[in-house]
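Questions regarding the structure given below will be posed in turn.
Read from first to last, the chains carry the letters A, B and C; within each, the first residue is number 1.
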Amino acid sequence: MPVEPAPEAGTGQEMKVGTRMTGGLSAVERGLVALGAVSGCATLLMVLLIVPDVFLRKLLSTTVPAAAELSTQLLVLLVFLGLAGAQTRGDHFTMTAAVERMPRAARRACRLVATLASLGFAAIMAWVTAMKAWTAVLREETTIGVVSLPVWPVRIAIALGFALLALQLLLQAWRALRPDGSTA
Amino acid sequence: MIDPNIVGYLMIAGLCLLLVVGMPIAFALGLTGLAGLAATRGTRSLEFLAGAEPFSTTANLTLIIVPLSLFMGHLALTAGLSERAFAAARAWVGHVRGGLAIASVFACAGFATVTGASVATAATMSRIAIPQMLLAGYSQRMAAGAVAAGGTLGVLIPPSGVLVIYSLATGVSLTKLLVAAVVPGVLTAIAYAIGISIVSRFDPQVRAAARGAPADLRTRLGSLARSWEVALLFLTVMGAIYGGVATPTEATAVGAGVALLIALRHTAGRRRELLQGLVETGFSSAAIFALILGSALFSLGFATTQLPQALAGWVAGFDLPPALLTVLLLLPFLVLGAFIDGLSMILLTMPTVFPVVQQAGIDPILFGILVTKMTEIGVISPPVGLNVFVVKGACPELSTGQIFRGCVPFILIEFVLIALLIAVPELTTVAL
Amino acid sequence: EPAKLTYATYLPQSFTWVQVDDWFMDEVTRRTDGEVTFERYYGGTLLSALDVFPGLSSGAADLATGAPGYNPDMLPLSGVVQPYITEKADAAAKAVTDLYAQNAAFRDEWQANGMHLLYALTATENTLWTNRSVTSAEDLKGLRVRATLGIAKSLEMLGATPVAMGMNDGVQAFKSGAIDGFTSAPFDVSTLVGLQDIAKFGGDQGRMGIYAIVALAFNKQSYDALSDSAKAVIGEVAAEIPDRFLKVTDAAVDASVARIREATGLTVQGLSPAETQRWRDETAQAVWDDWTSEMEDRGLDGKQVLQQYRDLVAKYDATSSYVPGFDRVRGQ
């Protein structure tokens, strides 16, 4: 069980890898990070939706139409459009304690297994969420509130998010497979 | 066909293996969840259930508080608010051993009275309190542990999302549960404070941080005056909730709006930093929600193996005196809590466990409080502890291992408190 | 040959509908001598509120209980249970089950999605919980109230500001005072989530009655795969469901009445007969028309289905012994 803590130095290393990687990113990866950065601005949009809603409700007893539904959809966009960029930047939480104690060759093998397994997960999720998005388009699925918003755009964003995550993992797997081991 | 229970054990083994090779935790949970689903229910069910899960887990109005509070924290930091709030805290409690960590726990307790979720509490407090504690020389372990564990007060002190689910799952009166939770909740905050004070004795870094004479009254009042914007922010958020203007989520949005205005005033020429805060919020949220989704997929697959139910049923089969049976009934929660989230845990096990609780004459209200405590141990226990990862997401410079290690004393405190509550059940019946 | 069926609901086990389902499943297992058994998932552990019927349709469960109101795109006609038609929970439930048997369009929307509706249950009558007194439509002006479905439309026309929120969010918002009222809450469920301890005033203003259904349906393939004898037993037990539902609901409503009487800070309210009539006159037809035109947009004859539902309700309404919750509270 990977419960033993990583030494503090390990974390520092982890961070440095992250910074160094930003330098050597491919155009695709820079695009994924940029997409995540743009979707990060959804938080600001939530503030701009919710704050007027609170004031209108208190002062004028009226509401911003669909503020709740829209903020919820923004959260979904924020999360799934940022999924691949977070992987590029190494933001997804990982237990590094065990891997760090392994010899170099074993570490490379582990990295390959971890990347391929992640790729498998992302690919399956991309497939099943794409199916779900397709159904949502066919059924013209809407939110059920006072205001009905279409759900399919968000469902497509989810599928897209997983597909891009799979793309990023594919790049990383390719890199991990290269004999020069330039990923270490 | 393979026995579903065996699939459950294989899922746990597979998860541990994938975590060891360094697969991102969210994806490891997700992949084992998918494998479990495929084994127990076939690919057709897998396609629907896994396809529906990302939307139904994420499209949740109450969870908006996570990015909002992370953003507010970033703004407070960029505008120098946290620094001034910390200066004030240091002037007042800096000379006390572990004083800042204790102050953080009580700040968590304060926020807990307005929110029902521990993730929200941990997310709100970590970005504000942890960097400042580290600056003061606190060890990562102490700084992060105090906030990750302090976050659990979000559920332990009413209102509490976990108690709502327990009430709905069992039919036990929610009002009675909430009233019963007050004393144990406050007791937990106090016990955490005492625990920090004791642990601080053995933590050279924290001891060193508290060296020096207490500040005089002038310095103290001056530091308070200089942190008026922090007070404004705090009053806006709390005032909006207690004044009946907004829900905690909305109040956090208003707080982020106010923090943005303050930050705009302080960061002329450094506007990029504000944008950077948004970007970091986005990636941290993506990582946190990926983990929430991974847990949900794992819980889903794990549920279909019937292992949680079997585990609960096995323990329920023993014929024992109530106090001993209570302890035994809590054990599955400890095991399950290592991997799956508290709400799923309650919904999956209660149909098996609750009838036993009633038959054995265990007080269902006390049991609800104890189960709540078990779910909160789950969010700070390895390998999957949501609060720990929320803290890590807010302060990426921390090491996950150190945060988990920092939580150990608090888990021990929880064990002591659980024993205390079983021994003195009157603590849950104290009327206020 | 033995069949192990997977049952899923998003509802927690303490709710009346799930108690009825549990009784149904226990009876089926007992009367088939264990040939048909059930693996049960409550509280959304397998399928969440929005996913119950889409999931059932795709075979992720063999039978499931959910609220068709969550899937208007999939089960539009099942939204026929509109407010202002009846206050008798059992009458509405029987009417919907009959409608499934008698109306081809209504039945088709279930069968076309690969589902077989076994029995329909209903939410108990609507309630309104507020932090200020509501004895006329004028009191609704500026009232920010959590509301859904037809109830929201009616209150909006009367001057209130409906806010769309889920049950748990709404309770929290109401508690903190972020909204002034809470409605679209069935009588028995409202006390389970503690509204009687939060609100200053509670009542059945407008007497909007039964406004939503909850239904247990089978995945059609799973159902067809059962032996003829098992199907016969299922039909036999299902026929006893209306009585069972009334019994369970009566007990739940009584328990709710007791909780409301215990709530010390609560004032129970109702409208004068004239004001009740006014709310109905001003909004009922418009709410129904709204729904039928929505059906028209989907190419469905909502008007005919609504009329048939109302006729069926009228048949059962007259003989129903069900007494609405707030009438029981006032009847002490």
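As a convention for this text, a contact is a pair of C-beta atoms (placed from the backbone, for glycine too) under 8 Å apart; a residue touches a chain by one contact, two chains touch by 3 or more.
According to UniProt, the chain labels map to these proteins: A = TRAP transporter small permease protein; B = TRAP transporter large permease protein.
What you see is a predicted model; the values in this text were computed from it and never measured.
Asks: Which chain has its C-alpha centroid farthest away from the centroid of chain B?
Replies: Centre of mass proxy via C-alpha means gives C as farthest from chain B.
Asks: Looking at A-B and A-C, which one has the bigger number of contacting C-beta pairs?
Replies: Counting C-beta pairs in contact, A-B comes out ahead.
Asks: With centres defined from CA atoms, tell me which chain sits nearest the overall protein centre.
Replies: It is chain B that sits nearest the middle.
Asks: I'd like the Å distance between the centres of chain A and chain C, where a centre is the mean of that chain's Cα atoms.
Replies: Result: the chain centres lie 38 Å from each other.
Asks: Once you find the CA centre of chain A and the CA centre of chain B, what distance in Å lies between them?
Replies: 22
Asks: Two-or-more-chain contact residues of chain A, please, as numbers and ranges.
Replies: 68
Asks: Give the residues of chain C that touch two or more other chains, as numbers and ranges in rising order.
Replies: Expected reply: 54, 165, 178.
Asks: Give the residues of chain B that touch two or more other chains, as numbers and ranges in rising order.
Replies: In chain B, 47-48, 52, 61, 245-246, 250 touch at least two other chains.
Asks: Spell out the part of chain C that touches chain B in their complex, as residue ranges.
Replies: The touching residues are 6, 12-15, 39-48, 50-51, 54-55, 58-60, 165-166, 168-169, 171-173, 175-178, 192-194, 197, 259.
Asks: Quick check on the complex: what are the chain B residues that touch chain A?
Replies: Residues in contact with chain A: 16, 18-28, 30-31, 34, 46-48, 50-52, 54-55, 58-61, 63-64, 67-68, 70-71, 140, 240, 245-246, 249-250, 253-254, 256-257, 260, 278-287, 289-291, 382-383, 389, 392-393, 396-402, 404-405.
Asks: Per the contact definition, I'd like the list of chain B residues that touch chain C in the complex.
Replies: Touch list, chain B to chain C: 41, 44-45, 47-49, 52, 56, 61-62, 114, 116, 159, 161, 164-165, 167-171, 173-175, 241-248, 250, 299-300, 303-304, 306, 344, 347-348, 350-351.
Asks: Using the touch definition from the top, list the residues of chain A that touch chain B in their complex.
Replies: It is residues 1-8, 10-11, 15, 36-37, 39-44, 46-47, 50-51, 53-54, 58, 68, 71-73, 75-76, 78-80, 82-83, 85-87, 89, 91-99, 110-111, 113-114, 117-118, 120-122, 124-125, 128-129, 131-132, 151, 154-155, 158, 162 of chain A that touch chain B.
Asks: Once bound in the complex, which stretches of chain A touch chain C?
Replies: 57, 61-63, 66, 68-69, 135, 139-142, 144-147
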